[in-house]
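Labels run A, B and C following the written order; every chain starts at residue 1.
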Amino acid sequence: MPPVSNTLLTVAGVDKTFPGVRALAHVDLDVRAGEVHALVGENGAGKSTLARIIAGIDMPEAGRMLLADRPYRPKGRKDAEAMGVRIVMQELNLIGTLSVAENVFIDRLPSRFGFIDYGVLNRATRNVMAQVGLDRVDPSMPVGSLGVGQQQMVEIAAGLSRRCRVLALDEPTASLTDNEVSLLFAQIERLKAEGVGIIYISHRIEEILRIADWVTVLRDGKVVGTREAAGLDCDEVIRLMVGRDMVKAAPALTGVRSDLALRVIALRGGDKVRDVSFDAYRGEILGVTGLMGSGRTEAMRLVFGADPREAGDIYLGGSERPARIRTPKDAVERGMALLTEDRKAQGLLLSLSVRANISITRLADVSRLGWIDSALESAAARSYVESLNIRCASPEQSVGQLSGGNQQKVVIAKWLYRDCDVLIFDEPTRGIDVGAKFEIYQMLAALARKGKAVVFVSSDLNELMAISSRIMVLSAGRVAEVFEQGAWSEERVLSAAFSGYITAD
Amino acid sequence: MNRPRTSTGQLLLVSLMGLAVSVVGCHKHPDDKPTVALIVKSLANEFFKTMEEGARAHHDQHQDEYDLKVIGIKNETDVTQQIECVELVMAQGVDAIVIAPADSKALVPVCKRAMDAGIVVVNIDNKLDADVLREKNATIPFVGPDNRKGAAMAGTYLADRLQRGDEVAIIEGAPNAFNGIQRKQGFEDAMQAAGMNVVSSQTGYWETDKAQPVASALINGHPDLKAILCANDSMALGAVAALRDAGKGRSVYVIGFDNIAAAQRLLKEGRILCTVDQHADKLASFGIEHALQMLKGEAAGVDQETPVDLITAEML
Amino acid sequence: MAGDYLGMVVALLALVIVFSLSAKNFFTATTFRTIANQIPDTTIVAVGMTFVLIIAGIDLSVSSVLALAGAVLGIVLVNWGWPLPLAIVVCLVVGLVCGAVNGLVVVRWRLPSFIVTLGMLEAARGAAYRVTQSRTIYVGGPLEAITDTTILGLSLPLIGAILIVVVGQLVLSRTVFGRYLIAIGTNEEAVRLSGIDPRPYKVAVFLLCSSLAAVAAVIRAARMSSANPNAAIGFELEVIAAVVIGGTSLMGGRGSVVRSFFGVLIIAVLGAGLAQIGAQEHTKRLISGCVIVLAVILDQYRRRVRNA
């Protein structure tokens, strides 16, 4: 390694807040020419946010950046690209109906008299694709017809094909095969040799140790430490990622486990859930976690009948016979509830009133012969507004005007009103303020004490460890491990979460 | 550049194809009977439906004399589609075309092309525009009724029941149709001769639904209106409905044109005073016979007038 | 509630005043009698269309379904000689069948209702030509009894239409069914994940809309004394315009049957007034087009002011 310090990009004291969340706090980062600088951390630690700020997509609130010792203040992604800073993002940024070639050269299509010159275009694309080992892909094929892994390679190829000084790769290997990963790494080596500075974000620690020169660990938006990759090992990285104070305010639940409420056997469906089996008991909070893309949300949707499952049986209330759950309607009729991850798109009727949102699950009980008794309906809504402390002008206010935390409470209220036996909460505290989070923990605990089975999906380990009776860890679509209360630690949970991605040597 | 050569080649190809078509059309079976194409407007329109059925009946009786193709367009005012129909039958190598043009002017050039290709063209129903024909140096015989005369007959029959100076209104056909204009002029001739006061003349686009609001406005805007002269029976139906809507029952005379099936019931019940029969069922047969005679060299390409008759309640 | 309708009542009165001043003989009993006789069929279909738009759908086929149902009514009465009540039942069944096809295809193959009902718009019109041989069927007497019957000076169709508006509004705002429709139009996925199967409700709405078109077909045939396979061409857009003028959102989740009724009134008065001041077809269309867009802009502005 050359000892000369030739810093290409300097990030100093960068701050960023999103509504209710401190995403980055005084973050410093140096990226040197010809080196790979890896960013690691838990979900929500601020890795992607930092990369997005560097690429000009998000604006920092404080701090400064230097690019080759000159002030660097990109006004947007285009501006950053003009200065030679590029990002290949986690979410695919391709247009499925356009061809591979059109996608790669979308912003610089070669043309003659306004007509696309497909000869030049396809030849250039073939060169680019050959670099990432996709020389067998026809450049005129629609991107949508490729597999996810190949699509990701197209995206990467598009990024690699442009001249740049700094390249940020956000989870580039999430859906690549080992072979594709090797090809990617060969390209990264080539770029290093050309003096490009590379920011590399990944959950796969062994991969990072293979390719990175430097590793910076982020936790809760703060830099915990920057180390040279040589001499680091997996355990040490994980140790750096964890180890902060617990959420003390959360109620600790004693593991009084009574009857079996939900048993899931060999669940499979979609491309995320491969084989998931678990039990949930009345009176407990079963915590569920896993990395992004581990299949947590997808597994819960399969259990609830929201997506069609390919295999697997679901048993309810200790019954010997599998329950017939094909639609959410079946699930709800059999006493299940699912509070979805995306409350705005899937949970709420945003333009309707708090009252209408709460009563929707049980309209039959506030109506006579199909006619809604508005007095009964309002009374039901009002009682939940009071008991859950939903802050709104009145139950007639539209839900869209409430804060995130209060919106989430409305969704909870709707399921409490339905009075289900098994309640699945998918990321109920995401994007809401600390006070509301605490109230939601209390609600989950109260439900469990009332004898409900609560399944609590979260990517926040601290809250999981604070209120769960048991924690199930999913990794790559399978159950990696189930920890009993007291048997877990942040490190053990995290290594279980990574386990499915570490290829057996 | 090789562009000019390409177009020469294309031209050559097209003319070769044309030659091939004409060869097939004329010489394949010298003794074969001729094919006549009847091109009408919308077959969803009762009048043309009747015309088509008349033609088919005529063909059934003269099957050994000629073959018949009937082609209609979807929308009555879709001139482009009708032009394409003419081109289509030309390519199929028919011997004669009998056409009820959707537009008096726009169909002239394509008919001229058909004649130049050796096809006999006969114009029925709606007369092609004389000025355009002259400009294109084409003579296409028109076989059909004198719409102006028919309308004048109906108008005169109405005028006998009115007082000089009474208010009347006209609901015209589509403004770009020759027969519509002819009927309007016929109505005007009769009203002028009898000294009636034509308070308004507006188009109802041949349709019940379009004529009805026009009639409503006429009825409500002119409380003393005594008669509504409609350029076809469908529009007369709209006028009758408008009178009912206004609660004016039978205090206003309505006259129609075409003698469709529904009109006969209206006549019997006294809701319309009279209509004009131009024998739609025979119109096509007249045209076909004229074309057949021209093919045999028995008829010159001159206009032929077909009968029009006034229909009143007493006659039913 | 009253404030909800105030703007539309004002607009309606303004139109009446403008035309009364500008057109001779507009402000007369016969004009209003004409309008009262002409709105029932539009009103009834507008109620069905309001329901369809509320679930974020659209039904373009109402005009053809109306023509087909009317054509069948005419055939059954005249050619088959069946009694009127039975003929009306057959006519309504035609509407139900068309609606069932629309609804089931939309739900089963998850197609946009725009496409499905566009297909029905063509197919039902073709069927109407087919059954009538493209001929207008004159019915006369027995059918006219429907429009000639009056109670307290109001014709039977008008009373029926107003009744359907009132019931429609109550169903929408007071019943579980109506609430589900509004919820489906607001966020269908959230409704599904709340354990309610949206599909039967969507089918029901298309059934309702087509059956109301069939009811309108009976009234229209009675008014015209005949069944015309060319009836109501372009009528679907007139109805959608009326519903949209009434403030119902094409995006779903928001709408009012009563306001749609006011939309129908505004269009009817506008049409009659323009015709009576002697505006030709082209002028009428030009002005109606502007009024539709203007009404929606005003409605948006009104809601923004109210929400602020």
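The rule is short, and it goes like this: a residue touches a chain if its C-beta (ideal position, glycine included) is under 8 Å from a C-beta of that chain, and two chains touch if they have at least 3 such contacts.
What you are looking at is a predicted structure, and each value in this text was computed from that prediction instead of being measured.
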Margin query: If I average the CA coordinates per chain, which chain comes out farthest from subunit C?
Written below: A
Notebook entry, point to check: What chain is most central when centres are computed from CA atoms?
Noted result: C
Next item on the list: Would you indicate which pair of chains has the most C-beta pairs in contact?
Entry: B-C
Notebook entry, point to check: Once you find the CA centre of subunit A and the CA centre of subunit C, what distance in Å lies between them?
Noted result: 47
Checklist line | Gap in Å, rounded to a whole number, between the CA centres of subunit B and subunit A | finding: 70
Next item on the list: Find the geometric centre of each of subunit B and subunit C from their Cα atoms only, then give the gap between the two centres in Å, rounded to an integer.
Entry: 34
Next item on the list: Mind listing the subunit B positions that touch subunit C in their complex?
Entry: 43-46, 49, 200, 202-203, 205, 207-210, 212-214, 216-217, 219-223, 234, 237-238, 240-242, 244-248, 260-262, 265-266, 269, 271
Check: Hey, which residues of subunit A end up touching subunit C in the complex?
Finding: 304, 306, 327-329, 331-333, 338, 340, 345-352, 356, 360-361, 363-364, 367, 370-372, 374, 414, 418
Next item on the list: Note which residues of subunit C are touching subunit B in the complex, please.
Entry: 23-26, 28, 30-31, 33-34, 37-38, 129, 133-138, 140, 144, 147, 223-226, 228-233, 235, 271-272, 275-276, 278, 280-281
Notebook entry, point to check: For the complex, which residues does subunit C have touching subunit A?
Noted result: 174-177, 179-180, 182-183, 186-187, 189-197, 253-254
